[in-house]
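The same chain A turns up in both complexes below, where it pairs with chain B and then with chain C.
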Partner chain A sequence: MRTLRYREALREAMFEEMRRDETVFLMGEEVGFYQGAYKVSEGLLDAFGQRRVIDTPIAENGFAGVGIGAAMVGLRPVIEFMTWNFSFVAFDQIISNAAKVYQMSGGKIPLPIVFRGPTGAAKQVASQHSHSVDPFYTNIPGLWVGFPSTPRDAKGMLKTAIRTDDPVIFLEGETIYNVKGEVPDEEELIPLGKARVAREGKDCTVVAWGRPYYTALSAAELLEKEGIECEVIDPRWLRPLDMNTIIDSVSKTNRCVVVHEHWAYGGPGAEIADRVQRDGFDHLDAPILRVSNLDMPMPYASHLEELCLPTVERIARAVRQVCYREG
Partner chain B sequence: MAKIIGLPKLSPTMEEGTLVRWAKAEGEAVEVDDLLAEVETDKAIMEFRSFDRGVLLKILVEEGTALEADAPVAIIGKEGEDVSALVAEAQAGRASPEAARPTAEAEKQAAAAAVEPREIPSEEPVAEPTPARGRSAGEERGSAVSAPARSSGLASPVVRRLAREQNVDLRQVPGSGPGGRIIKRDLEAFLQDRAARPEAPRAPSRPSPETRVEKASATRRTIARRLVESKQEVPHFYLTIDVDAEPLLAARAELNAELAESGEKISVNDFIIKASAVALRRFPAANASWIDGEIHFHGRVDISMAVAIPDGLITPVIRDADQKGLAEIAREAKQLARRARDRELRPEEFTGGTFSISNLGMYGVEDFAAVINPPEGAILAVGAVREEPVVKGGQIVPGKRMRMTLSCDHRVVDGAVGAQWLQVLRAMLESPAKMLL
Partner chain C sequence: MDQTGELEKFYRSMLLIRRFEEEAARAYARGKIGGFLHLYIGQEAIAVGAAAAIRIGYDYVFQTYRDHGTALALGMDPKAGMAELYGKDTGCARGLGGSMHFFDVEHGFLGGWAVVGGHIPVAVGAAFKARYAEEDRVTLCFFGEGATNIGGFHEGLSLAGLWKLPVVFICENNEYAMGTPLKRTSPVTDIAVKADGYGMPGEVLHGHDVQEVRSRVAAAVERARSGGGPSLLEIKTYRFRGHSMSDPGKYRTPEELEERKKRDPLLVTRQTLLSGGVDEARLERIAEEVEAVIAEAITFAEESEPAKEESMHRFVYAAGEGG
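== the complex of A and B ==
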């Protein structure tokens, strides 16, 4: 085991996969000479050269399309969006082409492509650059969506994503690039659609990923002092969802709180709540609650931004509520 | 200025409600949206929240009172205000007109909370449902946890499953969740309690040595099921008449003398079958069934007659009894009764009647009320002929009387209809020649 930062784990995944398979290449804004806007691709240009680490103009629709074309003829592109906020101008390429080619070619043209980059609010980047895009892309059949929360998962999941023959939307937490964690020395592939129990507990299942994963863990620590044991589950893949792990947990705890940094209207947070009530109905002792971003464009002021995101206090309050505890 | 607060409509269909619990005491300050009381409506126990700010000056109704919507329940105003005039007004009538506004508002909110996900997504977030949802605000104040135990009929899904598995009657389990919801820890406490004193609740079902336990036969179980269904689903009501039995007995004696040589005999019951059948033909409103929300008026008069058999009873049917002569009815009834006791009846012979007659007169029962045999609309229970003094032409003379009670399915036979039909029946029993008309 070694300790790596989240961004280093992602870099290792790309490095290993590019070394393993020469059809893998990285393309995006500032990925080469600038070494990556968030330094995720640092060193890759030196290692693999300009043919496989390609700087693009500021033209997401164009380079997303180039990537899709490359995948159609047999390459395995990794397309980096500087942030997922900029993917909106490439939305048509992703939705209308990447997600559809395999089906519309009658299964003749697989599309092994990874779109990756940071998502969610950073610090004071204001409403246009603070989107959590999870709901937009999880809604589309034909796309897999992964969102690692830890360095270990970041590496193991990105390697799986690159080797998958379908388009994968790979979401990274902009504020957790610096998080450190243990990563195994040997190669590890985290299977598609497999969740992880991050913390065991018997009183309430808390499902969280990305930045709120860490907020939920803090809330769990706080609640432990009050005698409430949370079981924290990181779904890791938002599509396909590993409902077995979640339902197993809810059948033990009888309660569920879903925490997510996207707006509450729809999205994977709502999807998980819906499936828990359907598949776990007879296990529930309380309504399923969600803690989400407040329903408004992200404010610029930092104290308001804090309040908009799921806080430890809001998570703790929701858990107490489903546990029928005062507070 | 102080004002009378009326009971709001807390669900769109609420017409009355029971004030289950006051959440505020007299003299307590009240903020807008504070929980005032909990009200049991036709749907559930709902929170009654204040639309006014001030002090709860007077509570007008006690906990447990059933009230119509809008009925005055409290007076809210400024501290120290004289409310005696308002109390008098409240006792005289309804809430002040201002109270109508909150009522309409509450109805809207209740409707929104009950029916639709709200359109405005800004109220979607979830960890803190807004007061309009009628829950969380109260919980923040702790009422969700401290609400007194009572059976509200609400239980969480896991509680329902566990209750099924553990054979627990949830009506016995006090609920401590919001609105009295039974939550898992309530059930666990109850089960622990039950385990701690195993004797008490189980005793009645454990047979004593003197009690013989026998498995119910299929017939018995069918009878049990159908009777329970009937009593649970059919709104029964009962009409009793007392008829002069002398003309009927005289006619019967005359006819039986005529039949003496053939060995046949007409019973009182045969007369009643015939008279009832003719009465149903002449007054068909009582010959009807409620089937899946429709009223079926029967064109035929098929009389089911209750016959006791060793492990229960069965109701063979005399078809078109209104069109058959008394001798024919007598023959058929006798034969059906014998075959019923010998268990020879085919299903079509004991199903599909339109009206039943049950007679316990031969056991000396003077009067009783029978359970309707669905989907029939009524059953006539016939008692014994009693010899007793009656008043005739101002004189007390020996007489013969007979009581009968009609059980009616109120969904198809109203009181007046049943009573009119009994009039027709009585006319024929007291003057048998009328059957010939």
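== the complex of A and C ==
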């Protein structure tokens, strides 16, 4: 095992896949000479040259489309959005084209492409730059959606994404690029649709990914001191969702809190809650609660931004509520 | 006003912007300001020259996230600007918008916009309204050269050209889009040439000369006001700081930067004033006045109440709470 940062783990995944497969290339704004706006692609230009590490103009709709076309005829593009906020300009390419090619062609043209980049609120970057895009892209059949929380998963999931013959929306937490964690020396591919039990506990299942995954772990520590044992589950893939792992856990804890950094109206948070109540109804001893972003565009002022995001305190309160320790 | 008097006014306005941003950068370093902070330092003559070319408060102005200079040149109260950066309730957007989203409706400043190119069609919409309402308002739309590669630019200019709308597109060509020089982002490096494809005149002017900016923008504005349709002005300039506070600017050499600083609009204007007979003492006095305004803005920002929790709930829908 080695200790890597989340961003380094992502870089290693790209490095290894590009070395393994000549058809894989990386394209996006500032990915080459600038070494990546968030330094995820640092060193890749040196290693692979301008043919395979391609700086683009600010033209998301254009280069997303270029990626799709190249993937239709044999390449395996990794398209970086500087942040997922800018993918909205390329929404049409991703939804109308990438997600549809395989079906439109009657299954004749698979589309192996990865769209990746950071998502979520960073720090005080205000409303236009703070979107969590999980709900938008998980809604689309034809796209797989991954969101790793740890360096190990970042690497193993990105490698899987690059080898998958479908479009994969790969969401990275902008505020967790620096998080360190152990990554195995040997190659690891984290299978599509396989969740991970991050912490075991018998009293309440907490499902969380991205930055809130860490917030949930902190909440679990706090609650442990109060005698409440949380089982924290990181779904890793938001499409396909590994409901078995989640329902198994709920069958033991009989309670479930879903924590997510996206608005509460729909999205994977709502989807998970819906499926738990449908498939795990008999196990539940309390309503499923969700801890989400507050329902408003992200304000700039830091104390307001904090209020909008899931906090340890909000998560702890929700857990106490489903455990009937707090009204 | 005589020429020197006017130039003195421009100088004061540019100095105000410069000092506002230098102090903002310091406050940022002290953690008083957060998020992205894109400085306009080096480009001030464009905002000031363009503001002098329009009817402030009547005409409409749109800018990118690099918006402090334009807002201040139009007359935004520096107190409201600084308070916004500090995330205070007294800020120009009540602390909800921050650096990238200055707004000052009273002076016709319709926003700092943070997604590249997204505001260009929006500005065309404001020009559409002027036509619709049979008003002779003109819209100014600013953006960087990096924005000329995105769809919003193409569609916005296409519609404005087709409908001959009263809008002046001002491309502030500071040579770099973040870390990427123009020659690596655009198949043609003469931005003005792109105007041809949209049936409007394209012109090139120098961004360090505030009077040239004023007179050339004024000509385009008058053309638009009198029904002559849109124009694309490419204004050559350079930003002296990084793209934002987090950018160390490794993509350009210190020599290049030093060379460009010789055409610092403040330096150039100062020299013109001095050689035109304005004495040092007079410029000193202007500097002192500006310092007082900036000091007042900082004190105001420091002492204002933080942005209100109520605001973030209240200003989601105009029609009331819901969702």
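Note that the second predicted complex is superposed on the first by the 326 of 327 C-alpha atoms of A that agree within 3 Å, B and C clash if a C-alpha of one lies under 4 Å from a C-alpha of the other, contacts with A are read in each partner's own complex, and residues count from 1 in each chain.
Assume a residue touches a chain if its C-beta (ideal position, glycine included) is under 8 Å from a C-beta of that chain, and two chains touch if they have at least 3 such contacts.
Note that the structure is a prediction, hence the values are computed from the model and not measured.
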Touched partner set for A:Y265, first chain B, second chain C, both or neither: both
Touched chain A residues, chain B compared with chain C: C
Which superposed partner A:A318 touches (first chain B, second chain C, both, neither): first
Partner chain(s) touched by A:V89 [first = chain B, second = chain C, both, neither]: second
Partner chain in contact with A:R5 - chain B first, chain C second, else both or neither: neither
Chain B versus chain C as contact partner of A:P299, first or second or both or neither: second
Partner chain in contact with A:D55 - chain B first, chain C second, else both or neither: second
Which of chain B and chain C A:N254 touches, first, second, both or neither: first
First (chain B), second (chain C), both or neither touched by A:R239: neither
Contacts of A:K159 with chain B and chain C, given as first, second, both or neither: neither
Common interface positions of chain A, toward chain B and toward chain C: 265, 294-296
Interface residues, chain B side, partner chain A - complex: 121-128, 136, 139, 142, 144-146, 156-161, 176-177, 183-185
List of chain A residues in touch with chain C within their complex: 29-30, 33-34, 37, 55-62, 85-86, 88-89, 122-129, 265, 294-297, 299-304, 307-308
Chain A to chain B touching residues, read off their complex: 254, 257, 263-265, 281-286, 289-292, 294-296, 314-315, 317-318, 321, 324-326
Chain C residues within the chain A interface of the complex: 34-36, 84, 87-88, 93, 95-98, 100-101, 113-118, 146-147, 149-152, 177-180, 184-186, 251, 306-307, 309, 311-313, 316, 323
